[in-house]
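Labels A, B, C, D, E and F are assigned to the chains in the order they are written; within every chain, residues are numbered from 1.
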Amino acid sequence: MEMFNQYQFIGCTETLEEAKIVFFGAPYDGTSSFRPGSRFAASRIRIDSYGLETYSPYLEKDLEQYLIHDAGDIELGFGNRDVALKEINEFVKEVVASNKKPLMIGGEHLVTLPAIQAVHEKYQDLIVLHFDAHADLRAHYLGEKLSHATVMGRVWDFLGDERIYQFGIRSGTQEEFKWSAEGHTFMNKFGYESLDEIIDQVKNKPVYVTIDLDVLDPSIFPGTGTPEPGGISFTDMMRIIKKLSILNIVGADIVELAPDYDPTGVSTAVASKVIREMLLIL
Amino acid sequence: MEMFNQYQFIGCTETLEEAKIVFFGAPYDGTSSFRPGSRFAASRIRIDSYGLETYSPYLEKDLEQYLIHDAGDIELGFGNRDVALKEINEFVKEVVASNKKPLMIGGEHLVTLPAIQAVHEKYQDLIVLHFDAHADLRAHYLGEKLSHATVMGRVWDFLGDERIYQFGIRSGTQEEFKWSAEGHTFMNKFGYESLDEIIDQVKNKPVYVTIDLDVLDPSIFPGTGTPEPGGISFTDMMRIIKKLSILNIVGADIVELAPDYDPTGVSTAVASKVIREMLLIL
Amino acid sequence: MEMFNQYQFIGCTETLEEAKIVFFGAPYDGTSSFRPGSRFAASRIRIDSYGLETYSPYLEKDLEQYLIHDAGDIELGFGNRDVALKEINEFVKEVVASNKKPLMIGGEHLVTLPAIQAVHEKYQDLIVLHFDAHADLRAHYLGEKLSHATVMGRVWDFLGDERIYQFGIRSGTQEEFKWSAEGHTFMNKFGYESLDEIIDQVKNKPVYVTIDLDVLDPSIFPGTGTPEPGGISFTDMMRIIKKLSILNIVGADIVELAPDYDPTGVSTAVASKVIREMLLIL
Amino acid sequence: MEMFNQYQFIGCTETLEEAKIVFFGAPYDGTSSFRPGSRFAASRIRIDSYGLETYSPYLEKDLEQYLIHDAGDIELGFGNRDVALKEINEFVKEVVASNKKPLMIGGEHLVTLPAIQAVHEKYQDLIVLHFDAHADLRAHYLGEKLSHATVMGRVWDFLGDERIYQFGIRSGTQEEFKWSAEGHTFMNKFGYESLDEIIDQVKNKPVYVTIDLDVLDPSIFPGTGTPEPGGISFTDMMRIIKKLSILNIVGADIVELAPDYDPTGVSTAVASKVIREMLLIL
Amino acid sequence: MEMFNQYQFIGCTETLEEAKIVFFGAPYDGTSSFRPGSRFAASRIRIDSYGLETYSPYLEKDLEQYLIHDAGDIELGFGNRDVALKEINEFVKEVVASNKKPLMIGGEHLVTLPAIQAVHEKYQDLIVLHFDAHADLRAHYLGEKLSHATVMGRVWDFLGDERIYQFGIRSGTQEEFKWSAEGHTFMNKFGYESLDEIIDQVKNKPVYVTIDLDVLDPSIFPGTGTPEPGGISFTDMMRIIKKLSILNIVGADIVELAPDYDPTGVSTAVASKVIREMLLIL
Amino acid sequence: MEMFNQYQFIGCTETLEEAKIVFFGAPYDGTSSFRPGSRFAASRIRIDSYGLETYSPYLEKDLEQYLIHDAGDIELGFGNRDVALKEINEFVKEVVASNKKPLMIGGEHLVTLPAIQAVHEKYQDLIVLHFDAHADLRAHYLGEKLSHATVMGRVWDFLGDERIYQFGIRSGTQEEFKWSAEGHTFMNKFGYESLDEIIDQVKNKPVYVTIDLDVLDPSIFPGTGTPEPGGISFTDMMRIIKKLSILNIVGADIVELAPDYDPTGVSTAVASKVIREMLLIL
């Protein structure tokens, strides 16, 4: 008799030892200001991934051809942000140290900070490609330096100029847009027209890709904390991932799915497909 | 005093005898694996159709100019798949025998099998145009040969090669895509670029059109069992139906609306408009 | 200590005396036939506007640079339509009399009638630009002359031919389309291809803009009384508003958000952004 | 083959001529101030009644033993309250004139007014039993005399003192409670302890029973415009109906189900069972 | 670092070999007529069980003191009822053969049939205690002998008279109530007043307990296929389980949670607590 | 013309200077482990309070007879728990210093800690009455000492034995129940049978009342982070508040409404009524 008791993302059936890619969840949403709930993303994605095929007709590849381990979720409390960030950082360090590639599922966007820090320790010339509706470049937010709304600013603090490339940005304060325009980050407002050119520039460097799923239009992805109409389509996202496949990606994350805000379940299905495609190009 | 107690799709007010087109429901979803509920489609569509106009500005025609009968739903149990399929088959045979055209509302996609079988008995050179996100070409699914995921495979069993034309397909196993590519069906992946050419090829033959509404992008049609992002738009669907209008369509179905998964009601509104347009070209 | 007890649309912090623009709600939905609930729009928009930035990257302007007053909602009963319309008319007259521009948030589309009447008293050569999925040109609806489905017909009653320009229309009776085609209104079916030309024609006249948000596709705006698939995108709407910015707009309204029908909250976010952009071009 | 196309409350299969009881809907909610939607009640009840048995183990009777006709819904517009009330009044007059008993499904509570007026024309010594969370005795509400919040006041206008008996009342203004206490109506606050005594007093008179379903606790009946915690249980309601069965009931109504506010469907199931029991004692 | 990747009911951490109790899911709902979805119960219960404590203040016991294994779900297709029933039967036989006690989570009530058959093979003098809103004693339902609405009739087919004790029953056809009253089953309508007496009678026999959770009032348990107002309270259920703890229970099941119909999540929380208590008395 | 732009709890219309009672929100839910969202409680309660009467038939008093100020919400970030607690503490100190009584609306239960600390500074012999489903007496939770699950333990840290009286408790670890039974707190499991006796004991002392609304049964109050079936009824709560009215209450809070988890809106209505009654006895 066949029993069903797996609790893994579809096709991520390898042991940790054998795996080349480590899929894991970082269910932290403690600084979410508007609508919390991204903490539930990784858990829901695993379950709903069973409505998905392992084969991608976009990339014409199958997850079953790759060595991927689902490590589960890091167990995080919510009251103490700094402890949570430290635990994520340590986990990613371990993954990188064993020459595996991490694919982290948020949680809110702040979880990206300790992950990039960990990857950056190994790859000093790291480039960050950032897909998002929001610039996330504020100096402070509600009185705090560490927040989902300041995260790329904090990444800039240690990477510096000409390392961060932002796409799809369509919301922020006037200051954020100005600060970026002063040359601190490269910003492609609204879409991703410059992506080919940027890929060409960075193709010999180690790249970290952070995808805040709210870069997608909320018509196809309403299940997120701060939906911003005017985003890219799912087909755009498939095109983007195909383009990224020629890069040397050393780590990636996919954040800000808040599944409870989309009762249709479509947002979770979208996130699952984006994850499948990212796993296939890592 | 005006009383309101109709329970028919809007504009389908003809008696069975006078009608040229028979609209009916086949509320079976017994093999749905992921999210059942398409059994409720026909019933919800009738009620919500009163938010619709009988006039189509797309086709510049009005339902009131046609002779259409709403026959209600076939009463089907759920535990016994084979009984359900047989009853659908018999009903469609009766419709076809009296020289009327059937427009069936599913239910899951498996209901298409007995309907095409019935139409095929009369039209031996039948062509099937299949709009869907899924290839539905598996040999087996969860151990069963008869399932919503195998239905076009079962249709092929009696139609054979060069009879089935598939559009919008964007999900399936590697085996399904391969099997189709061996020439068993014509498959237009993702979109419908080849539709004009195919229409030209089949325009002298009797055609059955089966529309699995999940061919639409879930941004506009989330209310379905297995939503697959990356689909065609509603405007695409209007264009497709206009193109189909020159064909000799002898039967059609529209399946896989599961209205409860879309609390906004938009999916039902979409299905109702697709039905109105199909009725206008039959 | 910072306390939070505002109940205003974001950035509308001016006093009535100093303001040049008056934002207010007209929460009436008493003739809604299919799905009521637009009465809740203004109240929900104010609260959710705190998830929005005051800065628009589309127009590169900031609400904080303008003098806008949020006057709250007109308190309206529901059983007596004529009293409600009279109160809206009187309020808009006061606004116009003090040389301020009104931006009214519906409510159903019928609230547009008394607002345009008030603006027309001052601007006899008023032009109306009407964005909507529905023609709203019926003579009667369910036995009544005054209804959300007849409102542009009633506006025509006092404005006459060549004053009303309709965009995005994709639903109506055959009679409405015919009557418009006889030259009573200009109608751009489905989209807004003629907008540039019309703007050129009317750019020296006072213009009232009425936006029924169901002109948007229900994929991005499901929260409305009568969703009609096949509409324009949010990006289209941003383009339209940018084009309108060169006109002499003397009043505007944004109607038919029914927030309860969209549990994801995206419709309210869309409405809030459309309002921000309209405030920035008034 | 068995087809299913009925659209009647379960067991209400008699023709109008043969029937002794006439079930009908009055889908008007035009004065609802807080949450509209009771207009959808009758339509939803008919569909969901197919989840119900015709047999009541409470009364040990079966609907199939009675002659009941489902007349559908009166078609009503929403903008003109007075027209709607007049149409309800005329319909009930016809029913009463042909010696049948009306069971009306609201709609909001205001629909009770024209129904009682019609019944009262025939039965001058009519007694009204009123089950409700709200006193509904205001003189005015939001500036209007005719409203769901004033309806029992308006009934008192023509019935006068000692005719109206109210049960379950737990919300109202201080004035309403005072006015009732002056002897204008009999009021049993919170529960129905005095019901046996009242039944004894009125058992020889013609009685009209009006049940505002919000008399039930919102734990079992959340689907209503103004839910008031602290109500009676469903079992209490079954007991009440059994007690009422010895009265000479000449008409009844059941109002204020707003099905969309209860996504679980339980409120509609509750309303359907209350209706079944009322039909069995009429 | 602590990782979280379990997918077990809380406290069911024993291996199969060591366990005395086997918890498992039978996610079949193929004959559900009104609202399917109980197939999702076991999966949701496992996840939400992490909001629960392992300690019961009702029984003053802790799950951690017991040897319980969570075997996952039996993998079942939906189109073929007979195959599904056979697989359940075989699994329960294995459990019973190894001298462990099964606690099965449905699925619809029909899954009880093969489970009782398996247990009965070992315990020929088996007694069944049945808690339910529905009698489930029909001869046929929608033309089928095997259905959720006939299941206790099918159990009677092999157990015969004086073996089945039913509590909480408040819905059924007139025939079902009559047939039971002829002595075929013991039936406690509405409540469980006779439970003490019955427990006394059967306390020396092997007992199977089947709990259709719709025996609970839908105020506390709306998430089920056919909610029936008028049920027992959660506190009643706790009392019942405490009473049952003195019996020799050799198997049990808990069925008919359909979690998607209760967006509040309370129904799943209720089911989880009932399961915890049942595990503690097995 | 009457405009509506208030954003206050109904009847709380006094200025801060004149008021005797200060109503305010503390929208913090940063340590919520299972389902966040109580941050939205105060905001939703204010809006929905307009469906409420100011008059209580339970207490026969009217809010308009009292001097109450609605101070709005304290603006709090989420990433830094300690800053949030400090701001609440300071606000309550100010209120108490000016001889007004605070009624705080949570937020999660942890907000009670800084409020009681502030009140305790003034009233050294303070007694705490605690109504809750959960004991909240843990030493640590997910590695943190300060959490919604430890809050009464932290209150005990400075109040010590014989100061905390707990009612309605029905969930916790075995350790929590044991620790309380050692005499550290008085605990009335499940209900409130000992309340009269306790009131008699503490009636000469200053009392702080903290109501975690999950003490109510989730049938009437599903909108909370951790619903626990088996709670007290709304009528019980009304009885409790009436009993408390003879005490010298110097501060109170009402916490853990998470309105988004109850789409019916009933939980917010319940919370609003509990608040009205508490305001009337302060």
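Everything that follows uses one rule, which is that a contact is a pair of C-beta atoms (placed from the backbone, for glycine too) under 8 Å apart; a residue touches a chain by one contact, two chains touch by 3 or more.
Per UniProt, the chains are A, B, C, D, E, F = Putative agmatinase.
Quick caveat, the model's predicted, so the values are computed rather than measured.
Participant: Kindly list the shared contact partners of chain C (Putative agmatinase) and chain F (Putative agmatinase), in label order.
Facilitator: A, D
Participant: Interface check for copies chain A (Putative agmatinase) and chain E (Putative agmatinase). Shared numbers divided by all numbers used: above half gives same, below half gives different; which is it?
Facilitator: Mostly same residues: over half of the interface numbers shared.
Participant: Once chain A (Putative agmatinase) is fitted to chain D (Putative agmatinase) on CA atoms, what angle does the rotation have, in steps of 5 degrees?
Facilitator: 180
Participant: Report the chain pair from C-F, A-F or A-C that duplicates the D-E interface, where duplication means over half of the contact pairs agree by residue number.
Facilitator: Answer for the repeat of D-E: A-C.
Participant: So the centre of each chain is just the mean of its C-alpha atoms; given that, what is the distance between chain C (Putative agmatinase) and chain D (Putative agmatinase) in Å?
Facilitator: Between these chains, centre-to-centre, one finds 39 Å.
Participant: Hey, what residues on chain C (Putative agmatinase) touch two or more of the other chains?
Facilitator: 75, 217, 219-220, 263
Participant: Strictly by the criterion at the top, what is the full list of touching chain pairs?
Facilitator: Contact pairs between chains: A-B, A-C, A-E, A-F, B-C, B-D, B-E, C-D, C-F, D-E, D-F, E-F.
Participant: Over in the complex, which chain C (Putative agmatinase) residues touch chain B (Putative agmatinase)? Could you list them?
Facilitator: Per the stated touch rule, the residues are 34-35, 169-174, 177, 189-190, 217-220, 222-223, 226-230, 261-263.
Participant: Taking the touch rule as given, give the residues of chain D (Putative agmatinase) at its contact with chain E (Putative agmatinase) in the complex, in rising order.
Facilitator: 50-51, 53, 55, 57, 62, 217, 219-220, 234-235, 238, 263-266, 269-270, 273
Participant: Within their complex, state which residues of chain B (Putative agmatinase) touch chain E (Putative agmatinase).
Facilitator: 29-33, 36-37, 39, 75, 77-81, 83, 110, 141-144, 146-147, 260
Participant: Please give the residue numbers of chain A (Putative agmatinase) that touch chain E (Putative agmatinase) in the complex, ascending.
Facilitator: Residues 1-8, 24, 43, 47, 70-75, 87, 90-91, 94, 263.
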